[in-house]
Amino acid sequence: MSGIKIVTIGGGSSYTPELVEGFIKRYDELPVRELWLVDVPAGEKKLQTVGALAKRMVEKAGVPIDIRLTLDRREALKAADFVTTQIRVGQLDARILDEKIPLKYGVIGQETNGPGGLFKGLRTIPVILEICRDMEELCPDAWLINFTNPAGMVTEAVLRYTNRRKVIGFCNVPIGMKMGVASILGVDQARVHITFAGLNHMVYGTDVYVDGENVTDQVIEKLCSEQSGITMQNILDLGWEKDFIKALGILPCPYHRYYYQTKTMLEHELEAAEKDGTRAEVVKKVEAELFKLYEDPELAIKPPQLEKRGGAYYSEAACNLIHSIYNDRRDIQPVNVRNNGAIASIPDDSAVEVNCVITKEGPIPLAVGDLPVAVRGLVQQIKSFERVAAEAAVKGDYHLALLAMTINPLVPSDGVAKQILDEMLEAHKDYLPQFAKVTT
Amino acid sequence: MSGIKIVTIGGGSSYTPELVEGFIKRYDELPVRELWLVDVPAGEKKLQTVGALAKRMVEKAGVPIDIRLTLDRREALKAADFVTTQIRVGQLDARILDEKIPLKYGVIGQETNGPGGLFKGLRTIPVILEICRDMEELCPDAWLINFTNPAGMVTEAVLRYTNRRKVIGFCNVPIGMKMGVASILGVDQARVHITFAGLNHMVYGTDVYVDGENVTDQVIEKLCSEQSGITMQNILDLGWEKDFIKALGILPCPYHRYYYQTKTMLEHELEAAEKDGTRAEVVKKVEAELFKLYEDPELAIKPPQLEKRGGAYYSEAACNLIHSIYNDRRDIQPVNVRNNGAIASIPDDSAVEVNCVITKEGPIPLAVGDLPVAVRGLVQQIKSFERVAAEAAVKGDYHLALLAMTINPLVPSDGVAKQILDEMLEAHKDYLPQFAKVTT
Amino acid sequence: MSGIKIVTIGGGSSYTPELVEGFIKRYDELPVRELWLVDVPAGEKKLQTVGALAKRMVEKAGVPIDIRLTLDRREALKAADFVTTQIRVGQLDARILDEKIPLKYGVIGQETNGPGGLFKGLRTIPVILEICRDMEELCPDAWLINFTNPAGMVTEAVLRYTNRRKVIGFCNVPIGMKMGVASILGVDQARVHITFAGLNHMVYGTDVYVDGENVTDQVIEKLCSEQSGITMQNILDLGWEKDFIKALGILPCPYHRYYYQTKTMLEHELEAAEKDGTRAEVVKKVEAELFKLYEDPELAIKPPQLEKRGGAYYSEAACNLIHSIYNDRRDIQPVNVRNNGAIASIPDDSAVEVNCVITKEGPIPLAVGDLPVAVRGLVQQIKSFERVAAEAAVKGDYHLALLAMTINPLVPSDGVAKQILDEMLEAHKDYLPQFAKVTT
Amino acid sequence: MSGIKIVTIGGGSSYTPELVEGFIKRYDELPVRELWLVDVPAGEKKLQTVGALAKRMVEKAGVPIDIRLTLDRREALKAADFVTTQIRVGQLDARILDEKIPLKYGVIGQETNGPGGLFKGLRTIPVILEICRDMEELCPDAWLINFTNPAGMVTEAVLRYTNRRKVIGFCNVPIGMKMGVASILGVDQARVHITFAGLNHMVYGTDVYVDGENVTDQVIEKLCSEQSGITMQNILDLGWEKDFIKALGILPCPYHRYYYQTKTMLEHELEAAEKDGTRAEVVKKVEAELFKLYEDPELAIKPPQLEKRGGAYYSEAACNLIHSIYNDRRDIQPVNVRNNGAIASIPDDSAVEVNCVITKEGPIPLAVGDLPVAVRGLVQQIKSFERVAAEAAVKGDYHLALLAMTINPLVPSDGVAKQILDEMLEAHKDYLPQFAKVTT
């Protein structure tokens, strides 16, 4: 059958209209025949709303993409070419707990590389591994493109606990950094090239080029002298300590603030939680508003309000990734893949976020040698956290979960780790069947 | 000339009587001909007191060790066989600042791997490198045995910034851990063998054997069930979170509490500083009392009160190390040396603390493969800190010093790092000539 | 000044017309302003002949490339953008000796990775390093693109003994392999993608893709069943042992025959040397004929006879490389660069031949992980040979040269190595001033 | 039960009396309760002869070692403390073929790292793995000490294809080198310490110390100036090319002659085979004479003639190894173990021959960093050969066997490799059941 079959698991997400828009825009080069939006019963209403909007969008655009809505994942996966995952096990309410419980103990929740991220991983990894098992059976040659956070930990788990090699973890942080740098320098994005290396939400821009010329020092200088501009909408632009950025000499990502400015970020989160609720609560409101818009039967385009959401450009960039694989475009994109020697101090078989050439055979990581000495420790610490957490998720092992929690750089002691862990295991127990033996 | 010439730089230290006792006890196998005690003018009074006691000790013991006191380091170094360094640049008053200034900002000082250790390193490394230069000229074949903290950072600096390969960093932490384990298990120390691997004050016991049988799990079990007993007198026996130790599965060292129990340790230090003064202030009192004892012309042995000092067994163990080198005893001792592949994730040319066979050619590290995943991050973080700090010390580079301070796991933000750094650079400026251009 | 300045050292080479043709064809995208052809006095006549042809070619093509001929290398290098080196120290007569002397001792000469290559390296490396020194002064930002064999050893020497990082070693072997595979499969070259990894003239195609699908096994099967077709015109198509290729499971390069079929290749070379002279003697005749053609004042294109020469597509491909750098084309080309972790068992700072993305910042190697176990030994052996040989070339050290000769896999004993070495040092002494102290 | 139970598989070997002598001499410290000599039916007669001699030896010595003879391996293994293996699958007649068949094709047989060694490995590895399986069941805590050649390949196979970690490969080559060096220097062996590193029969002495002083250069000088003295009785003392040894700068082992002097060794082997038969044929005669001696009912000691056999000191040294493990002596002995990072360019999980501290927990390898550049290639080539050969042995895979044969440095071409392989597979087919599907 000609044309591409795409399956989006978590299709009821508020991001989906951007994905649909991306496929519409690229239709000539990337002929999507079917786009299956899959969700769980708890998300059915959203799925119907988003699905209806998607159908209106393709109709208005006049492209023959067949939008299919289903709760039957296995049915959808049959003979898929690309599977994207943007799931949220436990919905936004679970994320609220991921953020709130740690805050009670004076600890940042951080839903990706922090204590919250540990729990998001514990809930998500078993489901993703199940999807991998289904794919082995139903569409073994398809690519799995995962947007679900914690994307680094999830990619690590897939690489380590399944035989699937066609997996790519995807994140919009590097795209945001590139846009920020372009804007700081006042040049067009297309002229900017950044050497990205590190882990998901722990990625550095080690060199910045404009038209092939290395301008890293210039960018560092600019970063020091003004509000950085390189940030995500969901992380406060607190500004870096000028001399620290100069000392670092490379570009941190917005999430680095949690680690290099822990105290300030914590203070801010506590204040914000008091005032507006946690980030998840804010997102929940934004989402409710978005869905209200989506329900409008007159709406047949992606509403511009979607861009305010933290994940802006996520789906756009994901379309671009699929486009490059399908058409063997061989452009350079930073994604999460098996390291394979690209970063020296990370094991070959671990996931890293690194510039890759995107070919029809998949992403091939560019060798970056070693990271600067000063950042190797933090990167290794997050990698250790991800590996122990992934193992805990797969085995449902209480002690591994405690170990992951304690070695997380945001957690200030073994005692606090245990308190947070115990409360969160209890709070999330419906989504953590693998820990059932422990929590009862 | 027959017999061994030993030079002890910082000879006026309160530890020296233990060293003298060690040489007396081993005289038959380790014939020390001359023991030169060297100090700086500021330490001359202590040097005279300790030197007089040393002379009474050898006389009483009836061994022909010639005790020589001098302020002329170069004179002392000529044709030395072993040089030990136990210096304290800026004396205890500097250490008081190392501990107090960070505490003002809510940060543990930690005079070895913390912000205090950074400043101890910045003051100490240039002096040690000067000693190395003198040694190249005056006693190129001598062994440099450094007890001066931060011993890991100092060894790193010697390996990286001099051509000296005959250098050993020495610490009593592993000895204390071994004693503690023996006592927990109720067996004689000689039957216990621990695989030590890591960095100075960041060393783990990865396997514990009694009579060749692996009893690690048993020791972990005991550690979880009672007050550990494996601690140093200068670190509170706060007890570990039982489930965390079980999760870790290997033996942490007492200094690990600063990193795995940061919050608790900080609270305790703040409280203790309020009540008894910082650890340095307590030590200062203990030292004053010791020197009062030393001045007693009737005293001709090491007074038993010395053992209460944190560095107990330091000098005893150092004598043992010299004994093993001199007599090619080939026993296994944990010391700080060039890694050379012994620990997989640390570069070959960095210093590690690891079990070595002590031969006449020097210590040869035993290959341990890689550290457990869960601890690689923290170890790498301290190694990154040590490397950046050593480079800052050598170059007098403000930004490198700030970088070292910020990446230290005890420091909660770049802003706080800068505040502590700036205040400490000013407070210690007399001992940091290499930073003169910055601090004026 | 707009337009590109290119300097070709060894400009009197018979390959130059292909280079000129390449620049003419690409003029619209790659606007070469000046092409300087540089040669040594011994090559002046050839330079004039080739230069005159080049001028006729650009004139006929109607492109404003200014062809400049000179014996003054430093004059030419000023403000160059790209410097290509295709020199032959000692001309073809030296190569004849490189091949003939080893054969006298029953050893294949092999002018790149064999005993002949050792001597080519000893003669060439000092000259290339001199060019690098000139470039630092006269055109520090220019790219050095070296075609001169032994290209791997030369790149290793530049990386290890100069500060130049803008160096690329270039070879047409991978291009030939790709053409061969395309022809075996009967598909267009553009659809074929091969993962190249190894060293110069010791490169493997570890995976072959057509349209993104892995067809390695299919290619292996074809290679086993017929005359391979993947060969160079200057290496006999002897055919591989079918079961060996199957066992190997990856694509060897034509030069691998010297190592996997040493006996057969030696027998053939002896026979051929008897009949037609060595390869160098054959090439000399071919060159004489080419120069006769070049002298024809009516000739204003690259004569088709040039393609029969072993280096076919060399210059064409080099133009392509320059094109990709200049225009930031980011296509994948296999070149010789600093490894930087791309191949696991080769040190980061050694040269490897590996697929790279060619960007305006230069080639970035694609991470390939480790080579298959079965080939690591041979690859490491040639890398050891290259490193020891490069050091011998730089230091003029007799024992290092002997060591390189003895560890070369083609040389059957230390005694034979010494005989060949001594005779060759004497034969080439005019071009080996660094060994003067030894050979006199 | 007090006392040690030792099981010697291949107990009918002519070496056994040395082993018995070793246990007798050490009885006070190493109280062997039972020594089980196990053999296969084809070796029963030898077993009876050797066993009777062993019984006379212990009786004469007056030590209560119970000598037990059996053909029932499983019976013997029950509750063993140490299992030594000195088997010869196919007896000496198979070794004769290992040497003769390659020679027919102008290739050295070399029964350990050459084509002969490949076949010895193919026959031996399945039997050793079977012994490992029996040990898991019958004596899981016992040490397996393997003397059977190819000892490196066998150790690799055990490490890679079983879960057994208590395995040590043992060889007398380093002992011979040490004796040779002591004799060259005219000092007592006990004063000599050599840093051994490499693989079995491919080991180098990278540094030589006398009384802790590095005398490597002096030894190299001596080696160059006279007949080396560092050789094994079964390898001709052909003498090294003086300048080559100087160039190498480290101590090769006697087996290195096969690789650095391939031509000379081959010529000699051809000549010797003509005159006295291959080495195996000579050994067969020597063994026949030894067994004649052993049959003498008056003989109750190890006959001095045994020392002329190539494996002199093998059993003596093995007793020493067992002694050191049993008594936790912590002396340094070079043995074959899991690398674990000791040699940088060899994977952690491969077998290497390297200095180890011998403790009750087993041998712990000393970290040696990396081998000199010049030898890494050859070492890696033999390691690749060992790994591919071990995999071929386990899987009975014809193509892997051909790959191993072709990449062996002694084999001059893929075609010759196939001829030798095919003839040897046929010749040994009774001992290669795993290849049955192929050879019929």
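By written order: A, B, C and D. Residues from 1 in each chain.
Just so it is clear, a contact is a pair of C-beta atoms (placed from the backbone, for glycine too) under 8 Å apart; a residue touches a chain by one contact, two chains touch by 3 or more.
No experiment lies behind these values; they were computed from the predicted model shown.
Q: Which contact partners do chain A and chain C have in common?
A: Of all the chains present, none is in contact with both chain A and chain C.
Q: Taking mean CA positions as centres, which chain lies farthest from chain B?
A: Centroid comparison gives C as the farthest chain from chain B.
Q: Averaging over Cα atoms per chain, report the distance between chain A and chain D in Å.
A: 55
Q: Could you please state the distance in Å, as a whole number, between where the Cα atoms of chain C are centred and where those of chain D are centred?
A: The separation of the two C-alpha centroids amounts to 44 Å.
Q: Which chain B residues touch at least two other chains?
A: Within chain B, no residue touches at least two other chains.
Q: Once you've mapped the touching chain pairs, tell me: line, ring, star, complete or other?
A: Here the contact pattern is a ring, one closed loop where every chain has two partners.
Q: Give every touching pair of chains, nothing left out.
A: A-B, A-C, B-D, C-D
Q: Write out the stretch or stretches of chain C touching chain D in their complex.
A: Those residues of chain C that touch chain D are 240-241, 243-244, 246-248, 260-264, 345, 373-378, 380-385, 387-388, 398-400, 402-403, 406-407, 409, 412-418.
Q: Which of the residues in chain A end up touching chain C in this complex?
A: It comes out as residues 193, 207, 209, 211-214, 328, 330-332, 339-344, 348, 355, 357, 359-361, 364-370.
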